[in-house]
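Look for subunit A in each of the two complexes below; its partner is subunit B in the first and subunit C in the second.
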Partner chain A sequence: MFDFQEQEDLDLINNRKLLLNELELEFGENLTLGTTENISIVVSPSSYLEKILQLKNSFGFNFFLNLWISDNIADGENFELMVQLLNMDTHQRAIITCPVTELEPVPSLSDIYHGAFWCEQESWDMYGVSFDSIPKERILSPEGMEGHTLRKNFEPKPFRLKQSVDYSFSPDPRVSRSEWKRRSVHKLDMFGGEVNGPLRAIVEVYDEVIERGRLEIGYLHRGVEKIFENLSLNQIQPHLCRINTSSPTMFQQAWFGGIEKYLGVHIPDRAKALRMVFNELDRIYEHLDTIGRIVDNLGCYPFLKETIEMQESILMVMKKYSGQRLNGSLICLGGVKSDVPKGWLTECLNLLGFLEKKVLEVTKLISNSTLWMKRLCRFELNSKQAMDWGVSGPNLRASGVNYDMRKVSPHYFYNDIEFEVPLGINGQCYDRYLVRVEEILQSLSIISQLLDNLPLGDTKTKDNRVLIPRKQDVYSETNALIQHYRFYDGGVILPEGEFYNSIESSNGELGFYVHSRGESTLNRVKLRTPGFYSGQCFTDICEGGSIEELPLVINSLNLVVGEIDR
Partner chain B sequence: MNSNIISEVAFTANSESFLKKWNESILQDELWPFPVSFSCCASELRSFRGMQNSSSYVDVSDISRPPEKADLLIVGGTISQKIAPHLIDIYERMPEEKWVLAVGACASSGGPYWTHNVVQGLSQIIPVDVYLPGCPPSKEMIIQSFEAIRERVAKKVSALSQTRWSLNV
Partner chain C sequence: MILGKNLYSKSSKILNLLRIFNLILPSIWKKSSDKFGNSEIQNEVGAPALTLTDTGGLRCTSCMLCQNICPSFCIKIETFEHAEEEAAPLNFDINILKCTFCGLCEEACPVDAIRMVGPMPMAGHSEQNWIWDKEYLSTYAGELRSKVGEDRPLMP
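Right, the complex of A and B next:
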């Protein structure tokens, strides 16, 4: 029998080879092939914009992933600008590197890829590298601070917070100046739990209808990337789950999965399956959180209680495994924390049954209700806008783009598991809600398939480079004692080089870029968090709404501020 | 609010004293909180909100109340330099008698974030009544902390009055 799947895979490999050949002809020596999915291209500052345009138009790199500055050269003045792009047909990722200095402004990419706007503003905030046509304003750090945080020679000084920040909008080119002057500007502080974290929305209103709007972020900026540069690999672990507390194991999976790939550590099958179970449980938890918040914004208090009850049931199962409700460090380097306790699997299966019944019960009541449809069938984000902004995950799929990293570049056992990728049509709030409901049901099916075929064996690797020895061995065996001191004194040391690893988290593509100099601490860590890009598309979505609906718009995108601000 | 209190206070001639008594009777019943919560502690406060029923001492189900009408400020989560002035503003807008609860390690002491941009504890900017440890504390712990607040309210002791007393203001 003819196998379509295999044919598709062969086509993909051929297409990718063709693309790489073309790229090699064009860039020659400047192109280096890294791992199978990442290539890196070095360009000169003079041809930077031209090459990016060429990559977008001729080579099909139409999805913007990330832009950041890295000080891989250790002199404190010269930096490297890195842009990461994705070709959605061949799933080829490319990192374009360009040397820059703080003296000369770099051409801005925000016209080619809209999503680069906040990234470029962040680059000025963190490293002092300025871009053409990008205002030199703080985006994450408080206004009035001196210095640039992520530089290696940064020293914090006491400062006075600048209170009078100008929030006015520039004149709207679509309307006449007199009409524009009749609009009023409002600031909306959402600090009390309306949305997932503190956010400020600034909107321009005419006749109670929002004409333009944008978000101000930075209220929960904790400097996670700076912290990561000063800690050893073991010490980073507790910080990972506190970035986005609704899905802690996603960050751990992206981080530890990347390090294991880089070091070439193989983890046992049972650990892989358990990691997938935790990730999918987190996905359910976060989607339930989103639905609960939408329900809360519409004032349907009984349904909020239902969703919170479902979330509680997930937390109780997590607690049974790790001892902590939220933020339990479930995934560790080289496997998972421990094997599952007795009776945990039965409890997990019971949970799946409970959740499926409850989710169907709740969504049956609200999905077709007229009030729900009337309030949610608005705030459209079409597929072109979504791709321009770099929106990924359920928000992108709600706009009709079929891109799920679990399907296109599967890790672990996602290849062997049957599940479907739900798609929306219009990209309205209602589509985003429906996609999330369907993804919950798909995740339930994935977990039940995994638990049915859970492999037997160890849950931690036996690799000496990353293994923490057991305590009783440390007291009796010399080798274990040496390993113990090596692990807790210096930690795991990554060899010199760089890598990027990404997974499909509950909000979209979540990635870690890591650059190491072969020391016990890392040189540069950059997070690609999906919320940073979904937050920017708020500008396009909020038009035509009223001020009371703003939390609804933000919650339908599921903006987690801890993830955006880092 | 039981009907006895209404009948008790309704016969007073002075409207000002009537309002005062009314306010006191409300205070005896429950505190009106103003929750400001950011990161992981926000999810725990949320799950506390989900399990809450009407008989509870502190009612956080209605979050649309302005700070002028609240008397308990609940702060959970990391306090960055950028949000600190807003917290001071909320605190100053609250009425004269007020209590403050710091939920979680970050609000109590800065937590694991020893960076330039994180305020190392809520007490650096406003006086705090009750600190609640944990990262994040469970909802049972949050209920217990309300008991501690209730004791202080019964004795009419607050961190603000104590600082005033010590400064002789």
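Right, the complex of A and C next:
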């Protein structure tokens, strides 16, 4: 029998080879093939915009992933600008590096990739590198602050908060003067409960209909990237679960998976399977959270009670494992923290049955309800807009783009497991809701397949570099005690270099870029959080809505402020 | 394509109305589901507590591993002047307002001197009460033995 899957894989490999050959012809010695799936290209500042346009138009790098500044050259004034792009046909990622200074403004990418807008604003905020046509406004740190926080030579000074900030929109030439006078600008502050964290929406309203709008972020900015630069590798672990508290193990998976890949550490099969179970449980939890918030916004309180009950049941099972409801660090370097407790597997299987019954019961009632469809079949985001903004995950799939990292570049056992990728048609709030419901059911089937075939063996690696010995051995054996001290006192030190690792989190592509100088602390950490890009497409979606529908729009995109602001 | 389901088509309104009883009726006679909350949790994480040896002294040997690894810098240990004679710490303070209960100190301790099993108080009279010294931290040592899970008994 002809194997279609195999043929597809071969085609993919061939296509990737062709692309790399073409790139090598074009860029020559500026192109380096890294150890990871990333390739890196060095361009000069004069040809920066031209090369990026060439990559987009002739080489098919049509998806914008990230843009950040890195101070690899440590003299305080010269920086490296890094742009990360994705080719969606061959799943090839590329990092384009360009040397920049704070004196000369860099050409802006926001016309080519809309999603670069906030990134470029953040680059000015954090490093002082300015871009053409991007306003020099603070995006994450407070207005009125002096200095740029992420620079190595930054020293905090007391400052006075700038009170009068102009929120008005630029005048629209298409609008007549009389209409312009009747338009009014409103600032709407939303806090936890209504949406997932503090946010401010600024909207321009004409006859109670929103004409233009944008989001203002930065109210939950903790400087996670700066914290990561100052802590040792062991100390970073608890901070990871606290970036997005709805899906803590996703961040741990992206972080530890990247380090293990970089060091070349192989983890046992049982740990891989358990990590996948935790990730899928988190995905279910986060999607239930989203559905619960939408239900809350529409005022269907009985269903809110049901979703909270489902979330609580997941938390109780997680607590049984780690002793903590949300922030128990389940994943550690080289495996998972501990083996499955007695009776946990049965409880988890019970939970799956309970969740499936409950989810079907609730969604059957609300999905076809006329009220539900009337309120939710609005706020379209088409696939082109979504790709331009760099939206990923369920929000991208709701617009009809079939891109799931678990399918296209699978890690661990996602290759061997049967599941389907749900897609939406119209890209409306209703599609985003339905895609999430289907993903919950798919995740349930993934977990049940994993638990049925859970491999036996250890849960931690035996690699000497990252080995954490068992507590019982530490108390009695000298070798284990020495290893224990080596791990916790000296810490794990990454060799000089850089890596990028990403996974499909519940909101989209979640990635960590890490640059190390071979010291005990890291030189630069950059997070690619999915919410940062879905937050920008709010500008396109909110048109035509009314003010009381704004929380619904924000929650249908599932903007978690903790991970947007970092 | 939403996985072959007929979600976009309209169904009859009467049936939709009847379905509401599915939710309302069971909730009358069924108590809230306590299926997953009932069973006892052995390794529940609490506030940090210091453990004692059989003779009643502190197990802690002032090796400073927990102080160095704490990500929120809330542990402060002072040793005796002649540390080789007296291994136990002179002062062992934990600022519980800074503590995030991540449990790294428990993992890093090589002699099983600190455990995350203490009770979590919710209120105090003044800010001073939140800096716990070694006497306060070891008050729960007696209760500790009953709380420690079977999978990880105390160090012999």
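The definition used in the following text is that the second predicted complex is superposed on the first by the 553 of 566 C-alpha atoms of A that agree within 3 Å, B and C clash if a C-alpha of one lies under 4 Å from a C-alpha of the other, contacts with A are read in each partner's own complex, and residues count from 1 in each chain.
Basically, contacts are C-beta pairs under 8 Å (C-beta built on N, C-alpha and C of every residue); 3 or more make two chains touch, one makes a residue touch a chain.
Since this is a predicted model, take the numbers as computed values, not measurements.
In the superposed model, A:Tyr301 lies in contact with subunit B only, and not with subunit C.
Of the two partner chains placed around the shared chain by superposition, subunit B is the only one that A:Glu194 touches, whereas subunit C remains out of contact.
In the superposition on chain A, A:Val317 makes contact with subunit C only, while subunit B stays out of contact range.
Legend: residue contacts after superposition of the two complexes on their common chain; A:Pro171 is shown touching neither subunit B nor subunit C.
Note on subunit A: of its two partners subunit C and subunit B, the one contacting more of its residues is C. In the superposition on chain A, A:Tyr475 contacts subunit C only, with no contact to subunit B.
Once chain A of one complex is fitted onto chain A of the other, the partner contacts of A:Gly544 are absent, as it touches neither subunit B nor subunit C.
Residue contacts after overlaying the shared chain place A:Pro238 against subunit B and subunit C alike. In the superposed model, A:Asn327 makes contact with both subunit B and subunit C. When both complexes are overlaid on chain A, the residue A:Gly218 reaches subunit B alone and has no touch with subunit C. Comparing the two interfaces of subunit A, the one with subunit B and the one with subunit C have residues 238-239, 242, 309, 312, 327 in common. Every residue of subunit B that touches subunit A in the complex is listed here, in rising order: 34-40, 42-47, 49-51, 61, 63, 77-78, 80-86, 90, 112-118, 135-136, 138. Only residues 141-142, 145, 149, 156, 161, 163, 189, 191-194, 196-198, 218-223, 226-227, 238-239, 242, 245-246, 289, 301, 304-305, 308-309, 311-312, 315, 325-327, 561-562, 565 of subunit A touch subunit B when the two sit together in their complex. Considering their complex, residues 231-232, 234-239, 242, 302, 306, 309, 312-313, 316-317, 319-320, 322-324, 327-329, 338, 341, 343, 347, 350-351, 354, 361-362, 364-365, 367-370, 420, 422-425, 434-435, 438, 468, 471-472, 474-475, 481, 484-485, 488-489 of subunit A touch subunit C.
Across the complex, subunit A is touched by residues 1-3, 7-8, 10-11, 13, 16, 19-20, 22-24, 32-33, 35-37, 39, 41-45, 65, 68-71, 100-104, 107-108, 110-112, 116, 151-152, 155-156 of subunit C.
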